[in-house]
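Take a look at these structures.
Across the two complexes that follow, chain A remains constant while its partner is chain B and subsequently chain C.
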Partner chain A sequence: MNKDIEIGIEHVTRVEGHGNIVLNVKKGKIEKVQWQISEAPRFFEAMLRGRNYYELRTITSRICGICSIGHSLASLKATEDALNVSISEQTGILRRLAINGENMQSHILHVGYLALPDLLDVKSVFPLVGSKHNDSLLKVVKLHRLSNEMSDLICGRTTHPITLVVGGFSSIPSKKQLLKLKKNLEEGLETVKQLAQVIHSVIDKLPNFKRETEYIGLTSKKEYAFYDGDIASTDTGIFQKYKDYKEIMKEYFVPQSTALHAKHNRDSYMVGALARYNLNSEQLHKEAKNTADLLNLKPICYNPYMNNIAQLVEFVHNIEDSIIQIDKLIKNGIKDEKPADVKIKQGRGVGIIEVPRGILVHDYTLNEKGKCTKANCIIPTNQNHANIQKDMEALVPGILNETKEKIELTLEMLVRAYDPCISCSTHYLNVKFV
Partner chain B sequence: MKPRVAFFDFSSCEGCQLQIADLEEEILDLIEIVDVVSFREVMKEHSDEYDIAIVEGSIMRPMDEHRLRKIRSRAKTLIALGACATIGGVNKIRNQWPTEEVIKEVYKDADIKDNEFFNVYPTKAVNEVVPVDYYIHGCPITRDEFKKVITALALGKKPEIPNYPVCVECKKNENVCLFELGKFCLGPITRAGCGAICPSKGSPCDGCRGILSKPDVECVMELLERYDLTYEEMKSRCMMYNTESFNPKDGMTIVRRGRK
Partner chain C sequence: MKKIGIIGIGNPLRQDDGIGIFLLEKLIKKKNNLPKNIEYIDGGTGFLNLLPVLSNFSKIIIIDAVNFNGKIGESKLFTIKDIKNSDFYEKFNSHGTNFLQIIELSKKLNKKPTEIYFFGVRPKEISQGATLTTELEKKTDLILEKLVKDIKKICDVSK
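Take a look at the complex of A and B:
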């Protein structure tokens, strides 16, 4: 235990964006353990000033390449809230499909391409090509393509959607296209169940680490919440004043990071698939519940590494839910609706949704010409940075006896488990001090 | 020997690299013709020995500039990937304000002096820092165009990028012109190559592939007149991706030129 360890992982790989891990141990004593964010800040909220209400969605989509659909939808909800625009039932269903498609795309990218290599003892997916795991890789590729094709159909494009506009959709899929998608989703459900078996066989590679923390996400009486709901915490319950979200998400500045940190009831909290699971697991569809049982995921789960498993469980849920939503659309008859009419007025609007990495807030103030005068976005990964830091502090003392390589891998896997989206989290605004 | 390819990212959403991951099985075809030696977003393996550097993102800080120069010195060929790299993209929207003002708006009174992570200057496209050999435009890039460029380079050929307007591709898709539907589309002055994907889905072109090197000014003037649109609206539309095309210093002030 009397050893020196120096770890400086600059730009952790297989995560979105630039983050560093620093660990300094002198004679067995931890001098520094730090999760740093070095991504350049991008000033999105400053750039929204003076833009027309219908441009906000297009610009904020560019915060993140992976969750551009989520940013678009949060943006539209905020804009529509400010302008008192109500959307049709069909738009509500199509937007749920859009969220499902993005959640599936992001989760399978993370579980299959970014996290799975750690479980199979390789450094990336490329060595899996032609190996004994080739078949598992092909399943991942198939599910990833299914997710992307779904987003392409509903949103016009997977990255930076086209059809999502204020009040509705600029283009609507046909019945024939939706029925074809449904068939592919049914096939995909079988494929993901097989993939869950593969993960089950290597699940003991996930570190068994627990740290009690607070989980925050949306919750709804009607469904496992993604598009609509109230903010909820595993510590303090439901919070209904959505426009006062800052009472829950208290962001603050730390010098080691170009992204803000956040806290609520404790030093840190976690958002994302595991948080949603811990809050809403009862509302998962049947096969998703079965997958959770198979992979031994039970609420409340305090192991952050299990976020990977919660993502896979949600993937199954998103497929099942999409089939249900398509059936609803077909039953109602698909209408070639134009987006709802907009009457420009002054006001503030807040849009809150669940995106792959957790709860996302867009908050806009518009003037009487419909131009944005003030904007604030609270990004899931920001809300997780403090929790990652606290996890590292709790995790490191227990693994100091391991080799340097093993410590590095365990810390990198921790960061990857959160699936951080660092480009997103350095969008930056509204800095507060505590 | 297969050319060795390395990917690098600067200020961006990393959505253009994601388009490469989204090639699915076709990635396997890609690694038949090139050796991917560095791609941080999806692999841990890394090498500093490469022939082709593919750079995503805009340059905003001295520390980024330093890293980019190093990459340029190691690569035989450098490709700018996506709007943030090719034209500065949405990152340039903030260049209309002094950097200090934007920092103040965002960081308020945070103590960020002497912190190099926060040492930011006005956004630059990659070619404002180092020479760029080829451009893959778009926000995001189109997967087909990426494949074409890489295939051409692997075969030792020069990739061709269209220099005609999006309208050409839009007409081919038999769309009703969005101006007819009361929308303001930048298709007439924007470089094609995207298959007119946005207008084909009912959304006007935002100009993410950059303005043509020689846009048809007469045609733009005629459009503005016919649909009763103003220079201000035109400018506002271009302030998404082509902020500096309207900078008088730039000489690309197409509408003003047309007005003379």
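Take a look at the complex of A and C:
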């Protein structure tokens, strides 16, 4: 094999934000393989400085249009940690519902609209409309609608929530609304099981690639961790000093990227659905475990392409868990609670939660007036960049005999499997009037 | 009366890119003086998440920062037909690029929305910053006045 290959994919499609793939091969020898991030950095932390404690959630909820609930919850946990605010059991349950809703929203959006086209051999979701796969697409839309309705009910909006506030909720759903949601979730469970069968029929389209790496996420003895838990690594186990998270998430810069990279025990690690699955698969609910079995997902899974499958498995788990949480709320009796009282004080707080793309940290220091003087946010996608790079380096030698188009597709699918949220910010419409 | 969706989009952490959200919040405060069949939606930057929302309406009005040849703070009401855009079909991102794709997908899947209006405002600056630029902020009262007039005109047509 003596061929030359030059690949320069600018702005990988069907991912969020702008990332490039570069591959140069001369006479069969790999000269360069690189995952590049070209987005301008955004300095959210600077925007938080000088703001009142109750504004921090609102601002950070605008970091991302997909993970706005996750950023809100991490922000609230950090603020409440700094101010020693305890939340009620009901608030904890409602926040679990909120996080389930967002995880479902994001996962179905990624699996259904962005990854499924690869498995069905089309370039985007558009050709699926009216095709023999139309019914599958309608199932995706139905599940997306369910996730949106859930976020709307619990958080007051589909995206950029408004009911999540320091110490609790500004508005609480009624029993009638929750029972209606439960019924829709039960229907949704059947729909997602049907969708899993469709994915099962095309699962051999996912490349069979493996590279051992470290997986990091939250873990808890009580549940499959999303809202609460300790940081855990598949290499080094549980780390309980949550305020010292920087000992685990060691961020650094690389020349080819405007985004921070991260490493811990090895030269890279992975976060997200597959990491959570590898750490906590035993705590999945029954139908989620059945879905994992159907789709041949077993821990520890070292194939990053299976992150798509772990997302679908988590979607099933989130539905089952939401039904359980609603039952708890109804059994306890829904109380019209006001948010917990806040006494302003100086302090530092750290909030760590799992969002769709992985473990998210917000770390705030507040002064005696409750104003933020220092902030740090560690975003999941930044933690995955080094792992994407290392995967590419390991993957490329094994696919050099393929056509250029096949190599490009395999590399793009790898990036998409991570569901990276490179830039969660602006859009800009250029219009030329005729 | 058919429901009309008014969707503000943009990111308030990108200065004037947040004008859509700014105006939407002002409209919500004035909603008693506006037609009752309007639903107000903060679309933010979660574009793909708006797909199920779009199918609820035959008619939508999108408020957004738009780059056109005009003065800062100038606003324009236009329809989707006015937009010359050829390169959006396959570059399908979940946010960051093109809201038009989501509308296109909704139309294909659900035959809705059928009437799409844009109320575009020419921004000054869309880099990082949690407030509108002073130059645009000074013009927001005038912009809002025009927006309300345009909404009433569109709602009138739909009767």
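Heads up, the rule we're going with is that the second predicted complex is superposed on the first by the 423 of 434 C-alpha atoms of A that agree within 3 Å, B and C clash if a C-alpha of one lies under 4 Å from a C-alpha of the other, contacts with A are read in each partner's own complex, and residues count from 1 in each chain.
As a convention for this text, a residue touches a chain if its C-beta (ideal position, glycine included) is under 8 Å from a C-beta of that chain, and two chains touch if they have at least 3 such contacts.
Source: prediction; values computed, not measured.
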>> With both complexes superposed on chain A, which partner does A:T373 reach: first (chain B), second (chain C), both or neither?
In response: neither
>> Is A:S88 touching anything from chain B or chain C once the two structures are fitted on A? First, second, both or neither.
In response: neither
>> Quick check for you: in the superposed arrangement, does A:N290 touch first (chain B), second (chain C), both or neither?
In response: neither
>> After the superposition on A, what does A:H160 contact: first (chain B), second (chain C), both or neither?
In response: both
>> Is A:R62 touching anything from chain B or chain C once the two structures are fitted on A? First, second, both or neither.
In response: both
>> Quick check for you: in the superposed arrangement, does A:S220 touch first (chain B), second (chain C), both or neither?
In response: neither
> Which chain A residues lie in the overlap of the chain B contact set and the chain C contact set?
Replying inline: 11, 13-18, 42-43, 46-47, 59, 62-66, 68, 109, 113-114, 123-126, 129, 141, 144-145, 148, 157-160, 423-424, 428-431, 433
> Which of the residues in chain B come into contact with chain A in the complex?
Replying inline: 9-19, 21-22, 24-25, 28, 31, 36, 39-46, 60-61, 64, 89-91, 93-94, 97, 102-103, 105-108, 110-112, 115, 117-118, 120, 139-140, 197-198, 201-203, 206, 236, 240
> For chain C, which residues count as touching chain A in their complex?
Replying inline: 9-14, 17, 41-53, 64-69, 76, 78, 82-85, 89-100, 104-105, 108-109, 118, 120, 126, 128-130
>> So in the complex, the part of chain A that touches chain B is made up of which residues?
In response: 11, 13-18, 37-43, 45-47, 49, 52, 55, 58-59, 62-66, 68, 109, 113-114, 117, 123-126, 129, 141, 144-145, 148, 156-160, 162-163, 165, 170-171, 253, 255, 258, 423-424, 428-431, 433
> Which of the residues in chain A come into contact with chain C in the complex?
Replying inline: 11, 13-18, 42-44, 46-47, 59, 62-66, 68, 105, 109-110, 113-114, 123-126, 129-130, 137-138, 141, 144-145, 148, 157-160, 422-434
